[in-house]
Amino acid sequence: MSEPEISLDIDRLQRQGFPEVVYGKGKTIEQITFAMRRLYETHGHALATGIDDGAFFHIQTAIPNADHDSRSGICWIGKMSPTSDQHTVAVICAGTADLPTAEQAALTLEYLGYTVSRLRDVGVAGIHRLITRLDEVDKSQVIIVVAGMEGALASVIGGLARQPIIAVPTSVGYGTGLGGLAALMSMLNSCAAGMTVVNIDNGFGAAVAAHRILSCLKNLKGT
Amino acid sequence: MSEPEISLDIDRLQRQGFPEVVYGKGKTIEQITFAMRRLYETHGHALATGIDDGAFFHIQTAIPNADHDSRSGICWIGKMSPTSDQHTVAVICAGTADLPTAEQAALTLEYLGYTVSRLRDVGVAGIHRLITRLDEVDKSQVIIVVAGMEGALASVIGGLARQPIIAVPTSVGYGTGLGGLAALMSMLNSCAAGMTVVNIDNGFGAAVAAHRILSCLKNLKGT
Amino acid sequence: MSEPEISLDIDRLQRQGFPEVVYGKGKTIEQITFAMRRLYETHGHALATGIDDGAFFHIQTAIPNADHDSRSGICWIGKMSPTSDQHTVAVICAGTADLPTAEQAALTLEYLGYTVSRLRDVGVAGIHRLITRLDEVDKSQVIIVVAGMEGALASVIGGLARQPIIAVPTSVGYGTGLGGLAALMSMLNSCAAGMTVVNIDNGFGAAVAAHRILSCLKNLKGT
Amino acid sequence: MSEPEISLDIDRLQRQGFPEVVYGKGKTIEQITFAMRRLYETHGHALATGIDDGAFFHIQTAIPNADHDSRSGICWIGKMSPTSDQHTVAVICAGTADLPTAEQAALTLEYLGYTVSRLRDVGVAGIHRLITRLDEVDKSQVIIVVAGMEGALASVIGGLARQPIIAVPTSVGYGTGLGGLAALMSMLNSCAAGMTVVNIDNGFGAAVAAHRILSCLKNLKGT
Amino acid sequence: MSEPEISLDIDRLQRQGFPEVVYGKGKTIEQITFAMRRLYETHGHALATGIDDGAFFHIQTAIPNADHDSRSGICWIGKMSPTSDQHTVAVICAGTADLPTAEQAALTLEYLGYTVSRLRDVGVAGIHRLITRLDEVDKSQVIIVVAGMEGALASVIGGLARQPIIAVPTSVGYGTGLGGLAALMSMLNSCAAGMTVVNIDNGFGAAVAAHRILSCLKNLKGT
Amino acid sequence: MSEPEISLDIDRLQRQGFPEVVYGKGKTIEQITFAMRRLYETHGHALATGIDDGAFFHIQTAIPNADHDSRSGICWIGKMSPTSDQHTVAVICAGTADLPTAEQAALTLEYLGYTVSRLRDVGVAGIHRLITRLDEVDKSQVIIVVAGMEGALASVIGGLARQPIIAVPTSVGYGTGLGGLAALMSMLNSCAAGMTVVNIDNGFGAAVAAHRILSCLKNLKGT
Amino acid sequence: MSEPEISLDIDRLQRQGFPEVVYGKGKTIEQITFAMRRLYETHGHALATGIDDGAFFHIQTAIPNADHDSRSGICWIGKMSPTSDQHTVAVICAGTADLPTAEQAALTLEYLGYTVSRLRDVGVAGIHRLITRLDEVDKSQVIIVVAGMEGALASVIGGLARQPIIAVPTSVGYGTGLGGLAALMSMLNSCAAGMTVVNIDNGFGAAVAAHRILSCLKNLKGT
Amino acid sequence: MSEPEISLDIDRLQRQGFPEVVYGKGKTIEQITFAMRRLYETHGHALATGIDDGAFFHIQTAIPNADHDSRSGICWIGKMSPTSDQHTVAVICAGTADLPTAEQAALTLEYLGYTVSRLRDVGVAGIHRLITRLDEVDKSQVIIVVAGMEGALASVIGGLARQPIIAVPTSVGYGTGLGGLAALMSMLNSCAAGMTVVNIDNGFGAAVAAHRILSCLKNLKGT
């Protein structure tokens, strides 16, 4: 068969406010490249997650202006919207090992046109590092908290901030961390009210959730 | 001891944009009533969750203008903000048995001053019931989806709507439903991107998450 | 030992209406090849699951008319029945990553003599893709739904179709997907009544279940 | 509000081949009675699950020709189809404690118009009791196996019969039985191919699955 | 049989530094009373856990100087050591619902002769309440942190204090709290190093662990 | 350090009736070889589990009369007792993939001096294969049943035989098999009374359990 | 229907060496009494498990020579064999709360004709209590160890004794005890080789396992 | 970017009594080396966990006086305190396979300046090996017990010793060991009171917990 058997959801951009994104895991390199090219031809931009260096090599050969971040597996061609400094999302990260997931969120947000404020290494084992940087947090409209291990950082921020908070548990940890379940359960049971949670390591999903919030906001301001 | 040993977080309203709320489960009736009175005296309004009829009888004796919804266990005195029709939250509910959790969300939202649009009995076993009411959904700024069993309603709405979506799994079901874990896992793994999730039966938390979104929106519009 | 220590269940075809099938996982290449040859010599056809390219190379050397699908791991020699267009099974697949399991079902059905109608990329994130193809679904006697992630596709089809539905959860997903448990639990708790479920990634089992249904149907029509 | 807030799916009978059924758990007695009356007025018959003696007393006062089986919680008014002896479903039950779930299946099937062949106390601890009654099993078009504990009965029947087999795990057992999870996992992992499974204690769902099979069969015979 | 069949471990005080304690759950009132009397006669003091009001009524009839705290289920007769203000244990409690477990720890410590410093309602949803009371924490030799929900309080204290910290998860919470497992997993995976954990709701065990630490300390100071 | 840091339990043979056995997993090749040599020098025979081909190569270089079975990972030097045909253990195995665990049991039994009767490929999908060989089973004093997937074979044999039965779940299977947990739970919940169970894939443990039974028998016959 | 729908397995005594036993849980009082009477009439003796005081009152009215132990729920009429002092089973019990399960084993053994040696309150928290009574243990042919909490008693005895050991985990404990799963997992992973395990709280099953061992022994001695 | 993005918590030594330690898992070799150098330059000593041979090669090139233990993955430069024989910690280890985790604890303790008393191969399968060495245990101020499989060693020591006991479950085992969960649950449910537990394989955490105890002790002695 010459053409990969993929049927894209081209009008998703119209329906949901963001286009179909290529989920790279479980797809062949041919399928990924085909889908990226089709989305790029249709929308003038495209995004993929779960792209390793080998897959990117193939994509880049076919689509030279493709770009890639090795750590997070994000691959993008162009941008959905030009960067605007009107809306900022804070991506707060507990530890160095959580950076791949945090960058997955941050790069997706930048593809969608948002300004990202990155806070790193502010885990609760040294909570003063966080408290001295609360001003930066205050300037954002939406907060994404990325944390593995026991995920307590999300609760602490939930008690300090008034913005929408999207918590992303990561699979960082070992033993009873159970691949991120400990952090997830911690976040779902937070005593700080009004925090919401996405799947383990799902930085991409958190970015889209922030986009849903901020684009609903943009629509309302227009009225 | 004459006074219950409770230390309230009175400045939470200032810090987070909503006041401390009394979590009734595991507290004595005296502790609940004491906390409600203190919050009411401080803020002019108060909210509690997990209040059964017996506890409400005691609260009402002490604070006559307290109000209560038996099904959801929500008890409130006054309102934090007067109802505004500027912001509407759609609370969509899969089945009759999910109503207690849906009302927990809806009544909390009304206490916070929002208009609530209730959609009931629109589970995916008869998806046409949902599709014929999408106009109502479109008019809301935020969507809360409440569903037990397999929780598929959240994914379907996630694929149809562009607003922020907060999914609330409920403990409705039996056997492998595992007290709501099946619905929770379904929602966390949704193929519809950008949906966020709160704890099982946590209608209150979903309402506060919607409030975080809408008040961030209000702040921005003021600038 | 010159001959692998395998005792085949040769009269299963007579007893159950389909022959013993070689389950390749955990067997040596010699054991697989021996069993395929014995089944082929007895029945004039044979089927194996879990066959990778290396194992197939060895089988094909021994039995040149063996055939193989790399993605699904299905290996077959001849067919149990000639293809009939009297009975059609729809194999509906949520995403590209679910294709290996879907093809496991589809190729087993074709080996058993059924016509297969393949629907791909109709996941609930873009439900209109499914709704525009319901005519194809209506023409089948049995429906197999293959879905990973949250498996909501099965519930949606369960609410729209009247045929027997066999749901196959796949291990596609990550984090709380728990290797397919999220999809499985979603399917077992579906609010659409009368759906049945097989083990995670068990496309083969779903095909045999469809065969049990359709051959019971064939028997009745003969009476 | 004088009328319970329930929106029924009246055209489900047309769409799926069986009407909406009232799931009694989590509904008030008023909601159940209202729904039963509405369905009965629309279709001339109605079925409910999860009805205890107290709820039935209320239903019967409102709808005198309602009927009830205390053990299984099934309540019915009239029948969807008159009983036909053309199609028989065997409901096979491992032990006495599994009877409530078995009767849930059997009574639903009789409401749908099928003849039911009941086999009881044929658990694998005394497998000869089963083997001496295989003739009865052979006369059925579909087999429902109801078993708790380790659920091995399903595998044994799966190895002996050629019909479609729907396995229903029950919550009978203790300790590592985990409320039916042991039986469920046993059935999902059966080495007898082509068996399908429904949720724990879901006799109703198994009956509807059998109905999907047999009505697909009826349709084909008509052509 | 006139005498309950219980064999006490009378020399445990000598061997381990604290006496056998009566674990009330699963014992008859007669067995509990018999054991308390025997321990009291041997040591001049006795402690029991898991004693409800009914059991205490029976104990008090038999042993008039028995004492009881209804909330925590702790029952004691006399004290093992007179109260000393030389060693203080801080018992820090996240929320009102965690008080029964916190008091189980505090009362056991007081029975063992330690001064207890109680900090209540200092959960991370309002972390400033904790920070303003760090002086009190600093004056203790050992810290016991009692928290349900997501248990993040333990991590925050672990990052701020240098003393030994014993974390006690409680079963306070619902849904994914899983009866305390979320808090336990959070505490075991804390990014604050050197925290140790006991079983869910095991305030008694935490007190004995503190006693092991402080008596090792007393022994060393004597040398 | 020239000598591996291992302290052997040399008098275990005297105390428990069988010598210490080297558990190879997690030990270095040097540690394994050192321990085997020490045990062999002390007892005149030695046994190890979890030995792969690489480790065996090293052992055999040091101890030339060592022997090895690649599939099961059993390595032995000499025998604890000469083979006696007085006591026979039946090792019954559901499928080909269960053979490594079955051989672990069988070879350990042969090292201990028992006659082993091997029954293979008698899984319940074709139960007649088992029934025709019940005579062989009847001649054994102890039965070991080795089965993965749903482990139903153990229940069937438990209902047919009167001997002591030791069930060994194996990790053979996929998806909800959960690495052998499905088979384990099935065996623990068997409706056939008096069956006992060992850890997943623990053929060695089953053999020692059989030895405990048969040597207790030998002792009694001697009195 | 005047007669309960129960089909007994009357020839199980012949086939397995012990008769069918009535499992009381999930059966009506009428079904239990009917089954006890039938078994008693057939064999001259009968045993039931899971019988509470209410059910026993009904049984005793119908069958006056029935006997009952309230704590363990065992009910028996006569004995299968007269008590013999030739074979002794040691039933060792960690704590007072484990006694109901221990007595379930002990009374079943006495019904089967064995002498039982009961050791109580020998948990590992005071291991000297066990060590001083090892002589009693040595005189038994089979050992049953009953323990909840962490179940470590089984491992300790496994390291000290050479007899067959059947470990019975109990549901005694709380929190992470998970209803006996902690004790079960501890026993299955024991580093003392050759221990076997039955289901949580299954004292009856352990007794039958001991009977399988001892009757195989009796048969051999006869030869 | 030329400098790794790591923000170290330099004043942790002051605040908590021990410095930040580099957690090597999930960090790049560059990040680890950068952090080690920074900590070493600040404090004059540094410690890292999770360092394999490849990472150490790179570290040693950059910092020649770095040291490494291959088995435990501990890497250190200098020491935080000179070794003092005033305080001894006993590190007791059940089996050879538990040594990596035991050494992780022991080497961390030596880095912190404590004397370590190592007891190896004293698992409960041969409990006499432990009992003959209790004198060594008695001389320590704190006990760390490292055990996998069923972790019973911790309970046995808990019943024999009066010191603080920190139990470290290891992932040694297979099947139902579930990667250390069986040992963890065993330790959390120990019937020996006052034992505390850290995460699976967390020898480092246990060492820091011992340091918290012993430094609190040092502080008190100074007063």
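As written, the chains take the letters A, B, C, D, E, F, G and H, and residue 1 is the first residue of each chain.
To be clear about the criterion, a residue touches a chain if its C-beta (ideal position, glycine included) is under 8 Å from a C-beta of that chain, and two chains touch if they have at least 3 such contacts.
Given the structure is predicted, the values throughout are model-derived calculations rather than measurements.
Under the touch definition stated at the top, chain A and chain C share these contacting partners: B. The chains in contact with chain E as well as with chain G are H.
When each chain is reduced to the average of its Cα atoms, E sits farthest from chain C. Look at the CA centroids: the one farthest from the centroid of chain A belongs to G. Between chain B and chain C, two chains of identical sequence, the interface residue sets overlap for the most part, with shared numbers making up over half of the total. In this assembly, the C-alpha centroid of chain B lies 50 Å from the C-alpha centroid of chain G. In this assembly, the C-alpha centroid of chain G lies 43 Å from the C-alpha centroid of chain H.
Residue positions of chain B touching 2 or more other chains: 15, 95, 125-126, 159-160, 175-177, 181, 184, 188-189, 193, 199. Pairs of chains that satisfy the touch definition comprise A-B, A-C, A-E, A-H, B-C, B-D, B-E, C-D, C-F, D-F, D-G, E-G, E-H, F-G, F-H, G-H. Put simply, chain C touches chain A in their complex at residues 95-97, 99, 120-122, 125-126, 129, 172, 174-177.
Those residues of chain D that touch chain B in the complex are listed here as 5-9, 12, 15, 20, 23, 25-27, 31, 169, 171, 179-181, 184, 199-202.
Every residue of chain A that touches chain B in the complex is listed here, in rising order: 15-18, 21, 141-142, 159-166, 184, 188-189, 193-199, 204-206, 208-209, 211-213, 215-217, 220-221.
Chain A makes touch with chain E in their complex at residues 94-95, 123-127, 149-152, 155-156, 158-160, 173, 175-178, 181-183, 185-193.
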